[in-house]
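Next up: some structures, all given as structure tokens.
The two complexes that follow have chain A in common; it is paired with chain B in the first and with chain C in the second.
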Partner chain A sequence: LSRIGDELYLEPTESGLSLRAVNSSRSAFASFLFAPLFFQLYEPGSAGPDTELFRCKVHMKSFLGIFRSLPSLEKSVGKCLILLKPRANRLVLQLHCKYGVTKTHNLAFQECERLQAVFDTQRCASRLCAPARVLAEAVVHFPLTLAEVTLGTCPGGKISLRNYVEEEAEPSKTMVTELWLAEDEFQSVAVAPGSHITFCLKEFRGLLSFAEASNLPLTIHFDEPGRPVIFTLDDTVLEVHLVLATLSDLESNSQSPSTNGVSHLPAPSDDFPDDLESYMVAMETSEGGLEGPHSPTFPLRIPRPADCEPEEEEE
Partner chain B sequence: MPFSAQPPASGERYALSASLDNARHLSSLLRAVHFQDHATCLATASGLRVTVEDAKCIQANAFIQAEIFQEFSVQEESVMFRISLSVLLDCLTIFGTSSLPGTSTALRMCYHGYGYPLMLFLEEGGVVTVCKINTQEPDELLDFDFCSTKVVNKIILQSEGLREAFAELDMTSEVLQITMSPDKPYFRLSTFGNAGSAHLDYPRDSDLIEAFHCTQTQTNRYKISLLKPSTKALALSCKVSIRTDAQGFLSLQYMIRNEDGQICFVEYYCCPDENITEAEL
Partner chain C sequence: MRFRAKIVDLACLNHFSRIINTIAKLAKTCILRLTVCKLYFILSDKVANGGASMWCELSQGNFFDEFQMEGVAAEHNEIYLELVPENLSRALKTAQNAKAVKIKLTNKHCPCLSVAVELPSLSSSSRIVTHDIPVGVIPRRMWNDFREPSVPDFDVSIYLPALKTMKSVVERMKNLSNFIVIEANLSGEMNLKIETDLVSVTTHFKDLGNPPWASEDGCQSSAQDRDLESMAEACIDIKKLQQLLAGQQVNPTKALCNIVRKRIVHFILLHEEVSLQYFIPAVA
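On to the complex of A and B.
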């Protein structure tokens, strides 16, 4: 959540404790809902006839500061108590540690409105579900500084991931990385063919690390460009949503092959060496259509027009 | 291997002369009190005491008993001078600060007397370095007049229990508040920072507490910036004794075991912060 926003919203509800964050440009929203069963004890308080359950927000840094060193916390802390005291204006976090030591933090909070992004996974035309590991291994090929990535569905059923290149970027100085994942890497695939969306990779990485660490499959719900993409994680005691805005088609026009000179290779045919489920082609951008340069490091077999020369085909 | 010093010129006697096989026995202790550039050294027959003060509110003393030294002789009743602690530490660690097992820097210290520089002869692996550090008129030192009869509250803790707490103190808080009481919360450390307040409570029956003698409930605040340097002494020590007197003066005494298992002490004295406002509990 700290990768999304500077403030942590806490909302205790009947169905559990919801922790949320939003970024400053309101283009990313995340919520973690911990069911009552996640806790040893969960008392959300009672809403009166005229009042809602209390909610508040605190500074992310102040909250995280309490859980500074995870390894030492795991060794020394037995129990954590969280108390919301509206009348005292304090959020109390109490850590019960080894040797009978108790650490009590009284954080100042601000009352706030309900933070909720508008989204509906039912309305999304496409849905993918994959183990977090598969997505993490795919995303590792992109530089940490990369802002946006485009996820697309290709004819042939493959799912592609490509870094998004700004229109203003100089073609000769840009590197394009694209990779394809086969359908069977995913636990489920229900996508509208030929669809693609571009979203912020940085904000996604935070959720991905969490998913990997908790070993949960990640579901991606998406629709047309411009409509938000929703990432979800589900567990018996935890429900996670990450909603990211996507570039609309108007903005992502520069992605089309002709305008920025990036040759877009078609997804390779299925008779590509079988020992590789997914693979990467790194290439320099170049002018011209589908005759992109061969990758110097990977042997490449691209479906070519009939007049290709034999020696250019490598296995 | 003991270092044999250059023999002093015949007939000359040094006011202070000492030898130490392992200079780290001195340098690590001095680091624990190094929060100001200058220190006052006092040498008596019992040993060496190095004192550092700040803001007329805090005083730290490092004690290295004569028994720690291979040779320690003081001609007069006491010898006292002011010296740059930063320079002294740089010289003591001139061969580097990493401690490889088996290697150590041998030290010989000589001081002629008032007005003379402090001479250090340091040797490691056959290489000798000679340092001359200028000395100054000693400052008048604060006397906290802290004797055991005036102690109101005293707790002895295993340092392990406090180390993390001191390292993670909320430095956005101006003060560190210490509560000691025969009743709950027994022993509490509190900070009041930008994020809010934080309290660290130690129950009197905690395994970490070796001795608990509290007669009166006392809550005192001390400037956190003054106490933060004591974290170094805490890190080196195995035990710490925390005592307060009727005026709220704080005494922290750290028991430090050196590489050879010998015991040395470092103590910190601190005045309570004058601007006392109602503590938030």
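On to the complex of A and C.
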């Protein structure tokens, strides 16, 4: 959550305690819902007919500071109590440690409105579910500084991830990295063919490391470019949602498909010795002429006059 | 003009990656020259590099299982490309356990070196990652700018001390001064010196040994007449020296330097399959 925003929202509900964060540009939202069963004791307080359950937000850094060193916490802390009294002006976090030591932290908080992103996973046309490890191994090929990545589905059924090259970047100076995952690496694939979305990698990496640590499969719900992508993790006592805005096609319309957006090239074939070979042949031969249907959302690529020394590479 | 190559052996791949990492630490942009038998990484001594230049040469047969190259023309069967070695380094970084790596010269939105890495996966088909690294093709008329530099007419040639030791000495000196003086004599002694208003530090190395260069008429034959004790020194940019030493990931088989008094220091680092020469000019 700290990778997303500077403030931690605490919302107790009847179905559990929800911890949420949003980023300053409102393009990323995450919520972790801990079911009552997660806790030894869970009392959300009483909501009257006119009042809702109390909500507040605190500084992320202050909250994190209490749980700074996980290894030593695990060794010394027996219980942790989080207490919020409506008329109190501090959120109390109490760590009951070994040898009768109790550490009490009083955090200043602010009352706040309910923080909720508008999304509905049911309305997403596409859904992928994969073990976190597979996605983590995929993402490792992209530099840590990369801002955005494009997830796409290819004609051959493979799922691709490609670094997103911004409009302002010069194509002749930017390295393009693309990775393909076979359908059977996923636990489930239900995608609209030819679909793709571009989203911010940084927040996604944060969720990915949590998913890897908890060994939970990650589900990606997405729809058209511009509509948010929703990442979910589920287990018996925890429900996680990460909602990220995606680049709409309107913003990417002026770019040529070769620098941005899904590759309309056939994904690499499955024959072992020809895996790279035929793919690379296809890469080169499709430069001049396009194969497959033209995408309705991207302009046709206009072949540039040869302004650099070499001729078209032949194979 | 075409180029394609493939590496299947992991040890070769790791070795090649280490070489690229070293090059990436020395140059932001450099020239990759491809011939039928060899690859060269070249940095020419333009002002932008601070005058330093580099010549790194490796035999393709030691790394690649397949290597095919066709130059610009039959009589000029070579390819010169300008690239950012850091990109190549990044592409190879996550290929540590690859089944195969293919490198190819392609022409997409611009000339690119396309690196395709085939990775093992639990599924029936492999995972494939491709990296398209934009390159600039150097036209033949400019090839003369990138000829192999000749060994300068040096005053002293001496083997370097253990690079790890030299590196830690230079790194500490770098905190104190921007320039370092390297001096050595033909009796196997070398000093690294820095001097500022507040402090001067000298580290002395001895018993390093001097490489025997084949004597040619005129130049080296007067070595007998030279005073074996007299030091030849050059003051160079300490950062360049530190980059050279920090970039070495493997200990070279032979490491030596040639000093031309007050002009240039020429470093030669030889490994079994690759040789690296680095020239750092002396500052006034």
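Keep in mind that, in the parts below, the second predicted complex is superposed on the first by the 259 of 315 C-alpha atoms of A that agree within 3 Å, B and C clash if a C-alpha of one lies under 4 Å from a C-alpha of the other, contacts with A are read in each partner's own complex, and residues count from 1 in each chain.
One rule holds in what follows: a contact is a pair of C-beta atoms (placed from the backbone, for glycine too) under 8 Å apart; a residue touches a chain by one contact, two chains touch by 3 or more.
Model, not experiment: these values are computed from the prediction.
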Message = With both complexes overlaid on chain A, does A:Pro171 touch chain B (first), chain C (second), both or neither?
response = second
Request  = Look at A:Pro44 in the shared chain and tell me whether it touches chain B only, chain C only, both, or neither; answer first, second, both or neither.
outcome  = neither
Task = Quick one: classify A:Gly226 as touching chain B (first), chain C (second), both or neither.
result = neither
Query = Which partner does A:His141 reach: the first (chain B), the second (chain C), both, or neither?
reply = second
Request  = On the superposed three-chain arrangement, identify whether chain B or chain C touches more chain A residues.
outcome  = C
Task = Scan A:Trp180 for contacts with chain B and chain C and give back first, second, both or neither.
result = second
Message = Quick check for you: in the superposed arrangement, does A:Arg68 touch first (chain B), second (chain C), both or neither?
response = first
Query = If you lay the two complexes on top of each other, which residues of chain A touch chain B in one and chain C in the other?
reply = none
Parts of chain B lying in touch with chain A, wherever the complex brings them together = 161, 164, 168, 170, 194-203, 205-208, 280
Task = Report the residues of chain A in contact with chain B in the complex, numbered from low to high.
result = 59, 61-62, 65, 68, 72, 76, 90-91, 99-108
Inquiry  = Which residues of chain A touch chain C once you look at their complex with the stated criterion?
reply    = 137-138, 140-141, 143, 171-182, 184-185, 256, 258-259, 268, 270, 272, 275-277, 279-280, 283-284, 287, 308-315
Note = Residue positions on chain C within touch of chain A in the complex are 1-2, 87, 90-91, 94, 100, 102, 104-111, 114, 116, 118, 121-134, 136-137, 139
